[in-house]
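Both complexes shown next keep chain A, but they swap its partner, so chain B is in the first and chain C is in the second.
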Partner chain A sequence: MAHRENTNQGFWQRAQTIDRRYLFVLLVVAVALPSFVRISIPVHVFDDTMGVYRSIEGVARANTGKRYRKMVLVMCDWGPGSKGENWPQTESVIHHMLRRGVPFMIMGIDTVGPTLAEGMAERIAPRYGRRYGIDWVSFGFRYFGDPQLLSFVKDIPGFVQRDIHGTPVAKLPVMAGIHDMSDVPLLIDVAAGPEVDRWIRLAQPTYRFKAAFGATAVMAPAYYPYLDSGQLSGLLVGMRGGAEYEELLGAPGQATQGMTLQSMAHLLVAALVILGNIGYVVGRRARR
Partner chain B sequence: MTPRRIIATVTFLAGLFYFLEYMLPARIAGVTVPLSQWRVGLGNFMAVLGAFAIGMGWFHLLRGQWRNLVTGQDRSSSIGFFCALAAILYFGFRNELEGAKAPAWVHMGFDLTFNYVFMPLVATVFSLLAFYIVSAAYRAFRIRTWEATLLMGAAFIVMLGQVPVGGWLTAWVPVKWLQLPYLGAWLLGVPNSAAQRAIGFGAAVGALAISLRIWLNLERGAFFSTEGK
Partner chain C sequence: MSPHVWQRIEVWVAAICTLGIYSFLYRENRFYRFFEHVFMGVAGGWGIVTTWTQVLRPMWWEPMKAGFSAVRTGHGDPWGALWVLALPLGSMWYFTYSRRYVWISRVIFGFFMGATAGMGFRAFVGGQMPQLVSSFKPLNSPNNVVFVVTLVCVMLYFFFSFERKNAVVRHGATVGRWLLMVAFGAMFGNTVMARMSLFIERFQFLAVQWLGLKGG
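Up next, the complex of A and B:
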């Protein structure tokens, strides 16, 4: 009996101190499992994602029958490091806007994000008969500190002057009627950092546009107060936000697949934490 | 006038401009305040200054790597750096400047260096964090005290509520707001929101204080503290 008790205590002691290399292998197995075993779990759409969807629908409805259409500004302030989370978010909102014919402009303070977003728009636009310069435009990477933000919102054509192809703004049909930020009713900032704070702080009180934020899952908890106050009309949280938006569009893609993998990883973490705590409790009782 | 005085004066004037531009109305006693008209030009000027900063970054990076190459310190990394730099500059510039007129191998080279080397490498570096988070969570979440137990419970609910499996596991619960997605959303939207708001207020007051100190040249930074040494 004493030997069995010692063996059990040894097992639970080991359960608290598993070598992290085994944990890494377990994570790889958990994430790879859906590739071999078909696992499909329905995605629940949260209100914060719905807010972004409704904001774009609102712009689409407001533009109906108008000679000069209002535009959406998509700030792509992300790079390859947050690609897993921000790519599906960007692709989903661009897909939605191209489907509904909402004109948008792409810009960013990261050198890579706007380039990737342009590729997404070029790939999706032909499906809906949308064309560059008429339905969307890209201004690429711009050095964009607070003074530049203040300049941009006051005089958009004066600040950007040319698009990524060197075409003057005056020659772009999509920019007709766009003077300042009051002609941009919605800003969608997809970022790996706290970029949307500057827009809310410096520009939103004056120009009263709606702001939506595509955040990484780590950043998102800090932005729920902005949802409460109405300063953010919607929030896309990490890959989940991208997957929910794909669900709303009826176009499951990268994020929907990724959520299955993420579910496996989270289950593994939960199981390991439970295992470690059982070992901790058993060890503590044995020491008493 | 010493460089420090020049920097302090320029800093003060730049801050004063944006402060007055924001606070003053567009017209005072029928006279137009011209500050807003200068905002766009000033912003463009600062963008040009920012471009100088990028150039300086390039200069220091190249100088450091060249020094490593010449002195033999970590020479293999420097050789790799210069080879990668030459490749991506060559393919990048040709791909961009020639566009469709560039030969197929140029497009292939750009694809290889950007889409199949640079992008996966950066993504991989950040993905490594996932492994360390699993290991850290396993070791850190122990129910040593009541507070730690509450923290762990909240982490469990939010972690599983944010992924589809949380909804699947608790779909049988008859009371909707007790299901993991709704419980997780409540935790994020109510207690978390309150705490984040408090942190935000504190950070904003601190930022205001430090901004005032920098604007009025009351802050002793690295530049000023090394002057005269």
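Up next, the complex of A and C:
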């Protein structure tokens, strides 16, 4: 009996000091499993994601029958480091706007994000017969300190001057009727950092535009108070937000597939946390 | 070479780079070090080129050139020539490296500190006031009750100005501490989700684009 107890304690003690590389292998196996066995986990759409969808629909409705259409500003402040989360978010909102004919401009304070977003728009636009310069435009990477942000919101054509291809703003039909931020009723900031804060703090009180945020999951909890106060009209939380948006569009993609893998990984992490805690308690009892 | 072949080469290069970086999970090694330096070099080069082609050239160099040309020929907008002032003003930052002329950098530092503080005040009012206002909620739903109780308890926990002798304050602060722990746990859960998402994206790339697996 005593021998079995010792063996038991030995196992838990060994489990406490297990080489982390075994855990990495376990994680790969957990994530790879849905690639070989059909596992499907339904995606439930939360209100924070729904808020982004409703905001775009609101712009689409407001533009109906108007000669000069209001635009959406899509800030792509992310790079390859957060591609797993920000890519599906950006792709989903761009897809939605192209489908509904909501004109938008792409810009970003990251040197890579706007380029990746342009690629998405170019790929999706032909499906809905949308054209560059008429339905969307890209101003690429722009340095955006607080003074630049304030200049931009006061005089958008004066600030951007030319698009990514060097075409003057005056020659872009999509920019007709766009003067300042009051002509942009919605800002969608997809970011790996807190860039949306500056728009909310410096520009939103004056121009009263809606703001939606595509956040990495790490940052999301800090932005729920912004949703509560109405400063944000919607929030996409990491890959989950992207998957929910794909569900809303009826176009399952990378994020929807990823969420099944994500669930498997979470089950593994939860199991390891429980095992770790059992090991800790058993070890403490043995020391007593 | 056909675009398809180029695409395959791109995928192979990206896959080797990904595996190179992930090799660190086994242990520190030269393969990882090599790709770490490759990434730093590529990111630096890309940043410099993009900054010049998309920011400095169209927004500073070309308007300045056009301004000087207008001054010489009398055609166009001569005000763009004033962009030349950005050069001496910007250079003032670099005097921080000279003991003798460090005062020059302080002039521009002072200017920016003043401007940043001014905008900070504006940002505080614009950012925090709506949240302060929205925290006064009527107690007419379970969500609002939870919100208000959490707010009060956590604020009690951060009262350090006087000793917590009153039992209500003491217990409220303890509850606040527990609620903070719950919030930190939720935040850490999100952090795990974020890190997994990044790994899953790379896994999907390796499995689908590189190895051509279709999935279950």
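In the analysis below, the second predicted complex is superposed on the first by the 288 of 288 C-alpha atoms of A that agree within 3 Å, B and C clash if a C-alpha of one lies under 4 Å from a C-alpha of the other, contacts with A are read in each partner's own complex, and residues count from 1 in each chain.
The rule is simple: a contact is a pair of C-beta atoms (placed from the backbone, for glycine too) under 8 Å apart; a residue touches a chain by one contact, two chains touch by 3 or more.
This is a predicted model, so every value here is computed, not measured.
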- Message: After the overlay on chain A, what do you see for chain B versus chain C, clash or fit?
- Response: clash
- Task: Examine A:Q204 and indicate which partner it touches, taking first as chain B and second as chain C; both and neither are also allowed.
- Result: second
- Task: Have a look at where A:N277 lands relative to chain B and chain C in the superposition and call it first, second, both or neither.
- Result: first
- Task: State whether A:S82 touches chain B only (first), chain C only (second), both chains, or neither.
- Result: both
- Go through the superposed model and pick first if A:H179 touches only chain B, second if only chain C, both, or neither. neither
- Message: On the A-aligned overlay, A:Q262 touches which partner chain: chain B = first, chain C = second, or both, or neither?
- Response: both
- Message: Per the contact definition in the header, classify A:A32: touching chain B only (first), chain C only (second), both, or neither.
- Response: second
- Task: For A:D228, decide between first (touching chain B), second (touching chain C), both and neither.
- Result: both
- Message: One more residue to check, A:D155. First (chain B), second (chain C), both or neither?
- Response: first
- Task: Using the superposition on chain A described above, determine whether A:A217 touches chain B (first), chain C (second), both, or neither.
- Result: both
- Query: Same chain A residues contacting chain B and chain C, which ones?
  - Reply: 24, 27, 81-84, 112, 142-143, 147, 217, 220-221, 225, 228, 237-238, 240, 262, 265-266, 269
- Message: Can you tell me which positions in chain B touch chain A when the two form their complex?
- Response: 18, 36, 39-40, 42-44, 46-47, 50-51, 54, 118-123, 125-127, 130-131, 133-135, 137-139, 141-144, 152, 156, 159-160, 162-168, 181, 185, 188-189, 192-193, 196-197, 199-200
- Message: Help me check something: in the complex, which residues belonging to chain A touch chain B?
- Response: 18, 20, 23-24, 27, 41-44, 46-47, 79-84, 112, 142-143, 145, 147-152, 154-155, 158-159, 217, 220-225, 227-228, 237-238, 240, 243, 259-260, 262-270, 272-273, 276-277, 280-281
- Message: Give the list of chain C residues in touch with chain A in this complex.
- Response: 25-26, 46-47, 50-51, 54-55, 58-59, 115-116, 119, 122-127, 130-131, 133-134, 183, 186-187, 190-194, 196-204, 207, 213, 215-216
- Item | Touching residues (chain side chain A, partner chain C) in the complex | 21, 24, 27-28, 31-32, 34-39, 81-85, 87, 111-112, 140-143, 146-147, 161-162, 164, 166, 197-198, 200-202, 204-205, 216-218, 220-221, 225-226, 228-231, 237-240, 254, 257-258, 261-262, 265-266, 269
